[in-house]
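One chain, subunit A, appears in both complexes that follow, with subunit B as partner in the first and subunit C in the second.
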Partner chain A sequence: MKRHSVVRVAAIVAATFLAAGTLTACSAGASDDGGAKTLRVTLANHVWTDTIKSKLPEFEAATGLTVELSQYGEDQLSDQYNVKLNAGTDEIDVMMYRPLQEGKLFAKNGYLADLSDDVEANADWDWSDFQSGPVESTTYDGNVVGVPIITEQEVLYYRKDLLAKAGLEVPTTMEELEAAAKAIKEQNPGVAGFVARTGKSAAVTQFSSFLYSFGGDFIDEDGNSAIASPEAKEAYAFYGGLIRDYGPENVSTDMSWPEAMAIFTQGQAGLYTEADSLYKNATDPETSKVSDTVGFAPMPAGPGGSVAYNVPSWALGINAESAYSAEAWSFIEWATSAKLTLEVQQDGVPGARQSVWEDPEGTSTYPADLAAAIATSTKNGVGHDRPRVIKVPEAREIVGDPIVIAITGGDSDAAADAASDAFQGILDDE
Partner chain B sequence: MTTMVTTKPSMWKNYSTWANRHRKWLFASPAMIFVGLLIAVPLGWTLYLSVTDSEGSVRAASNLVGFSNYLEVLTDTERFWPAVMRTFVFTGGALAIELVLGMCIALLLWRPFRGEKWVRVAILLPLVATPVAVGMMWRLIFDPNIGFANQVLSWIGIPAQPWLSGQYTALPTLMFVDIWQWTPMVVLMLLAGLTSLSDEPDEAARIDGANSWQRFWFVTLPLMRATVIVTIVLRGIDALKTFDILYATKGKGGGSFHEVETLNIYAFGLSFDYNDYGIASTVLILFFLLIIAIMWVLTYRRKANRS
Partner chain C sequence: MTTTLPARPVIETPRPVPTAPRRRKPRAYKIFRVVALTLTVLLFIAPLVWMFIASLKTNVDIYDASKTVFFTPTLDNYDNVLSRNNYFGFIFNSFWVALLSTLFSLLIGVPAAYAMSRFAMHRSALVVLMARIIPGVSLLVPWYFIFANMRMVGGFGVLILSHMFVALPLIVYIMISYFDSTPLELEEQAQVDGLTHIGAFLRITLPLSVPGLATAGILSFIFSWNNFMFALVLSGANTKTLPVAIFNFVSYASIDWGSLMAAAVVVTVPIMVIALFTQKYIVSGLTAGATKG
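And then the complex of A and B:
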């Protein structure tokens, strides 16, 4: 009896293991939920997502699909993609991604399905309505791999009351910007004249418009590093100097937009350069103490004019491993339709459809000065706000280093020279 | 089963006796194999990646590059060695203070007193808080502009400090947070050791006229050696691997100057930010070897002392 029991127990254990294994295998493959297909959509936390989420029942009713929505913050979203797409998952169908940050890498890795035929299939949906700059950055090797949904331009946020107190007009040049920052800081103890992102990597995108307005760029026409050019050095010193001299006391060098925006909306800064897509944070009385006195203006002009970036910050793509690419495309087509783009834009998210921008309805909910500033930025904007390479995160840290050095009062010219060498290394590798 | 027994009785009997003789191994084997695979497979994969130039996607084609990754990492004085140094400063500093502080508190709690229960619960509170929540909380407290810490300093007339945002103050500030959170665990472990001590040696020393410091230093502490070493090993490994509070407060790369970039943060950035899986794996393997070496020294010394 004793002998038998040993084997019996072992057999039961083995059987349980096998059964458990089969069951898990079953559940992993089960995506058809009693006939209704489930579409797995991964989106970033954004006003865009909130609006789309509220409209989802319409899509589900029209198509009979069930949409399973996962939502993450920017960094968590990147990490999710890194882990899941690396493993070749088919558990993501539609994915919201950042064309300028991850687009090249994802396309090169073959994570993004080729949508070239899909975008041309439906003339009513009208692919040609999408602005060319954003479309360019969702195209890889001649193939369309994403549909741009959100665009961003850099604008100047300012406090009307503080400028009026100083008797100053809205700054239109870099000199006026510096003078206004100085005046505000001197007249209002505890209030910074100017605030902007300071984190090595986070600041790069908002610094880019300064770089362009001073006549520089990250990469020159020959594909070489341009961040040690005299224009770039001047831009680094200017941006860093503004924050060092007229920024908040004890300025942190880790600030991204939430921190910088908090300083501005708490009434602790007079001038702030940031992406327009975040304007609701400053105009919403619930999140902003300065909602009634905030104004918007185009980027002040430097030696190279007023040149802001005009970029697609987010796009929708389809996972190349998805088993439901047709259904995934129907979701994208629905979410990027002219009708929904208009509704989303009225909720404060700038879209990528030209017809919506031309429609007076498209900017009807925007503060008038913001709409005007955006129009300026879109007209002569640059289509990238960071180096366009495959290794964007690494490149951002490199080209962002002189910004931090300038903010902390170091030798930003020397830092730019060193950064340029390192950046050239990345460019040579690719 | 019964048919097997009747048709091949001798073979079955052999197996059965063998199984009964090795019962403990047989029953433990599923779990052992499972755990073994869970450790061996990822480790083997990391080891393999560390000798390739894998980047971008682990499914993309990569080449075997031998030990060139190791050479590159070991000669990297810009990110790798500073990260090693920060890892040791953080671990060593935090661990030393936690031990001293933990021992003091454990000695205070050793003898029964009124309200003992409440004090013990209060002391354990930081331990049960989620590390990421702890990180966010201290980040708010240490905010240079609107944080509570600088407000307190201003009440007593000390100028505002940069805390987490300063290039040279960030790491000590995070060590403080680690000490705040993990001293209770050290207290708990040391207290367990203290309560298991018998009273006789202490009494004998008292009768011999030893003062309280002498009784602690020459009697209690030597008796506590084993407990203290176990505490150092456990908390030390834990501190070496700290990731959550560093990442929650300073993000990828450990700040604009990499001021709190320890080996863990560095490896995370390499794999999740740079997608440089070859180099990231190399750093992790070196980190792993480093921990093994430290553990070996600690346990070897302990054995040597014992004999």
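And then the complex of A and C:
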């Protein structure tokens, strides 16, 4: 008797679930028919996204569109794009992407719609207001494929108290940087003079400003590898040497920004070169123990001057397969308007509009020394912080190798020669 | 078995032991066992303890080595995860997908396993196993393509189907070995007494297989609960599961470690509770049929 009922109940439950499951499967697909059009926007987790998200109702009210927002971490976002765009999806309309990491690949594969006409259409929106370095990175084969929204420059983070204790001015040249790192390390047991990213791939972007300041670059004018040039070798040896000689004890060669920033914000390093977009990690007492003594300065000058990168870390593009490209463009136009760019920038996200930087309001929430340092970087900054190729992840692994060799005390010149050959192989393939 | 353990410095005894030397061995063994067990447990539990402790710290304290053990605990992270970021929604999504994919897999997989076991369908079993051999990531693009064209991406249906794809072979294989070990004579007896083939399966074999069903069900539930890759691509804004939602705390220019750890606790605790209460089934189910021969 008992078993009988067990079986019967199980069958009924199973049937119910089957029916319910089929229903959910069917209803889940319904999307944009009926009523308002739905615009699907895919964004990265970022302060920029938080601010835009809070303003979305304004956009929806003004246009009558419904915005469906998906948000992911940067690596998850990349995975999404690689799978979905490869399958020719039309379920993404507006996409936030990294022009330097993926822009060339996406544009070459035809994932990104040509926006050349859209950007010129509205004089009030003013395309010419966008800084030329970032714009260059969102242009492919003469066609505009993205609108830069967030820019990034490398600056020097330093501890005012430690420099004052050593009786030193803020370093303005590479020699002064080294001397300051040495003095801080000697005077403060347990505190590193200098810290920066050490991971093979992660360090490449922050090493790039050293490379430029020593007069080098990843690729020369003829499109060949330039990382075995005397300037590049000098830069590798200098960057690695700073960390080896004046860096933290037993330094890991796998640090990206979260690890390096943690060392700095815990008060265990005096000088730190890093992207300015991370400055809130250092100035916010919630995450930093040195929030009241942190200062900012432009990249110290090397033999080639003080040349930092000035890059668009993120841009907005439109999926070439999107059925709503006009609506998608209206979203981009709204999100990148001068008014919103100003608001986002005041929340701590450096934008790409020149007028906002020139507006005192635009830097009112920034530490004054940081605003000045950024201004220097934007003036003569280089528009890329990693090799501009299609296979960026592979290229970063290669050009980053001599950095790690230099940090561990190996022969970085030989490593640079070897890396250059491998890098040339990637360039020849493309 | 009878080899003498070398004398260990651990068992230093201040005065001569009054008991006979024969009892020494078990005692040394006991101490060794306690030490080994403690070390092993510590090793396995340390990351979990660290995760839990970190979830009660502020972001600046997490990095502070001097506050590893002593710190002022805060519940802000949990508040952030559960109320401000609405993790109950993600918990429901994970639970719903795991439950349904497990139930459907059992519904299809158990009869299939029964047939494969009783009729020795080894080749069919091998085909089912193929699903586990092919790396899931290579299926993602074609799946996405098919499901996107069916307008199913972003719904629960597609998540359940994709999780079933991995759960089914697991269930089929566990159940095949389980059915192999249940005596055929019982079913024959039932048939002699007037039951049909299916009747014998439903009323005799199935009730006897509850431990196996529990094992297969729990393992498939755990798999689905933890699955990240399929959910990442196939879920939508409203159907995100917990492992995907956890990444909400990793931003481009900031990582909220405290909330990340709190969210990790939220993901881990339910599955740990389930595993704790059902582990006797898992163990007995896994070894079922192991000594058949």
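As a convention for this text, the second predicted complex is superposed on the first by the 399 of 430 C-alpha atoms of A that agree within 3 Å, B and C clash if a C-alpha of one lies under 4 Å from a C-alpha of the other, contacts with A are read in each partner's own complex, and residues count from 1 in each chain.
Keep in mind that, in the parts below, a contact is a pair of C-beta atoms (placed from the backbone, for glycine too) under 8 Å apart; a residue touches a chain by one contact, two chains touch by 3 or more.
Remember, predicted model here, so these are calculated numbers, not experimental data.
In the superposition on chain A, A:Ile390 makes contact with subunit B only, while subunit C stays out of contact range.
In the overlay built on the shared chain, the residue A:Asp79 is in contact with subunit B and with subunit C. By the touch criterion stated above, A:Ser70 is placed in contact with subunit C alone, subunit B being left untouched.
Of the two partner chains placed around the shared chain by superposition, subunit C is the only one that A:Trp314 touches, whereas subunit B remains out of contact. Of the two partner chains, subunit C is the only one that A:Ala44 touches; subunit B does not reach it. Applying the stated contact rule after C-alpha superposition, one finds that A:Gln266 touches each of subunit B and subunit C.
Judged by the touch definition given at the top, the superposed model places A:Leu278 against subunit C, while subunit B stays out of reach. Shared-chain residue A:Thr287: touches subunit C; no touch with subunit B.
Looking at the shared chain after the overlay, A:Thr365 reaches neither subunit B nor subunit C. Comparing the two interfaces of subunit A, the one with subunit B and the one with subunit C have residues 3-4, 6-7, 17, 79, 86, 88, 262, 266 in common. The part of subunit C that touches subunit A in the complex is made up of residues 58-60, 63-64, 100, 103-104, 107, 140-142, 144-145, 148, 150-158, 160-161, 202-203, 206-207, 232-233, 236-237, 239, 244, 247-248, 250-255. Those residues of subunit A lying in contact with subunit C across their complex are 3-4, 6-7, 14, 17-18, 20-22, 24-31, 44-47, 68-74, 76, 79-80, 83-84, 86-89, 91, 258, 262, 265-266, 275, 277-278, 280-281, 285-289, 313-314.
Contact residues of subunit A toward subunit B in the complex are 2-4, 6-11, 13, 17, 75, 78-79, 82, 85-86, 88, 105, 108-111, 198-201, 248-254, 262-263, 266, 268, 390-391, 393-394, 397, 400, 404, 408. Across the complex, subunit A is touched by residues 1, 16-17, 19-20, 23, 26-27, 30, 56-60, 144-146, 150, 160-162, 164-165, 167, 250-253, 255-257, 271-276 of subunit B.
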